[in-house]
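Working notes, structure below.
Chain nomenclature is as follows: A, B, C, D, E and F, assigned in order of appearance, with residue numbering initiated at 1 for each chain independently.
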Amino acid sequence: MPYVNIKITNEGATKQQKSELVAGVTELLSKLPGKNPATTVVVIDEVETDNWGIGGELVTERRKRGS
Amino acid sequence: MPYVNIKITNEGATKQQKSELVAGVTELLSKLPGKNPATTVVVIDEVETDNWGIGGELVTERRKRGS
Amino acid sequence: MPYVNIKITNEGATKQQKSELVAGVTELLSKLPGKNPATTVVVIDEVETDNWGIGGELVTERRKRGS
Amino acid sequence: MPYVNIKITNEGATKQQKSELVAGVTELLSKLPGKNPATTVVVIDEVETDNWGIGGELVTERRKRGS
Amino acid sequence: MPYVNIKITNEGATKQQKSELVAGVTELLSKLPGKNPATTVVVIDEVETDNWGIGGELVTERRKRGS
Amino acid sequence: MPYVNIKITNEGATKQQKSELVAGVTELLSKLPGKNPATTVVVIDEVETDNWGIGGELVTERRKRGS
């Protein structure tokens, strides 16, 4: 029954990678008490780099500097 | 003053359906103590089926199997 | 399969009221295409009035003024 | 280390405005105890007006009425 | 740089289990393009069973019935 | 009309600091197009350090090491 929301920058994760991420997170959660994998929900939000800031700066700008 | 976030897979909800959902949820919340419908906010996120997992599997794959 | 997160100030909602809210929201969502009530999840967060701001002011302060 | 999620309607915020918002919020949070600006994350979600309700009504409809 | 929010019912996850969950999720995310484990954030919300609904019913009630 | 959710570790933010944070964030958002401070909502979640991971490790453990 857990619910997981994963936010990542939109930088080319493939469907295969997302599929493996969902399977992996669901398995990890099944180790906790009372968590049913059948109803575990994982939602992935892919966010534009113009809409993600870290360290007070947009990721778009950081990428331009190579970091 | 409540805030509601609804996440659904992006599978064809119409504007009319979303309008009725917002009206209905706002009315339900107005029955709780101290909740003002005028400032109740409802945000709907429509998520691609490639980005939604349940039971360890992407919804895209489930839909292919007919479930 | 929808996921709903409801945030309200912690001002005395009873278990009965929360039960009715969960039932009502789940029913509203079942009217959308492809939404299965059996796996619809509703999570209610009750937030202290010191941790909720509206109009630039904590709710705790607004309540003192009677609004 | 704080995490901030800002949801706004998608009504023309520029990259420059988002950049200033990220910088400003990060600075505000650095005034709290134990918060490191270098790892402060700010994610901005821009939401279609058809998917945002307030007062029981979609923002799309409110905008048509001029409010 | 990913951000992960995990919501689970408050049913006795230990600190050790939470520590392993954080380590495991962070490792899974490091397999995606451009994701730095050093700044990956995982926040766990433990929610009372009175505040979690599934299938239109509070988890508290489901647990009483043994499901 | 924006909605802001701020997640911080629970390490002693005072009511005064939270009040200033709410006022500051609301003012910053009022600079964006079409954002009304009167209906801007800010919700602060204070999270136990056992429930917050960064770099694959719980904050509780990092604090013990002095970082």
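Criterion: contacts are C-beta pairs under 8 Å (C-beta built on N, C-alpha and C of every residue); 3 or more make two chains touch, one makes a residue touch a chain.
Note that the coordinates shown come from a computational prediction; the quantities given were computed from them, not determined experimentally.
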Other chains in touch with both chain E and chain F: C, D
Remotest chain, chain F as reference, centres from CA atoms: B
Chain located farthest away, centre of chain E as origin (C-alpha): D
C-alpha-based rotation, chain C on chain D, 0 to 180 degrees, nearest 5: 180
Chain A and chain F, separation of their C-alpha mean positions in angstrom: 20
Chain centre separation in whole Å, for chain F relative to chain B (CA means): 25
Centroid spacing, where centroids are CA-atom means, of chain A and chain E in whole angstrom: 13
Two or more partner chains touched - positions in chain B: 1, 3, 7, 25, 39, 41, 43, 45, 52, 54
Touch-based graph of the chains, sorted into line, ring, star, complete or other: other
Chain E residues within the chain C interface of the complex: 7, 45, 47, 50-58, 60-61
Residue numbers on chain C that touch chain A, as the complex places them: 1, 3, 39, 41, 43
Chain B residues touching chain D - in the complex, by the definition given at the top: 15, 18-19, 22-23, 25-27, 37-46
Chain C-touching residues of chain B, taken from the complex the two chains share: 1-9, 11-13, 17, 20-21, 24-25, 28-29, 31-35, 39, 52, 54, 59
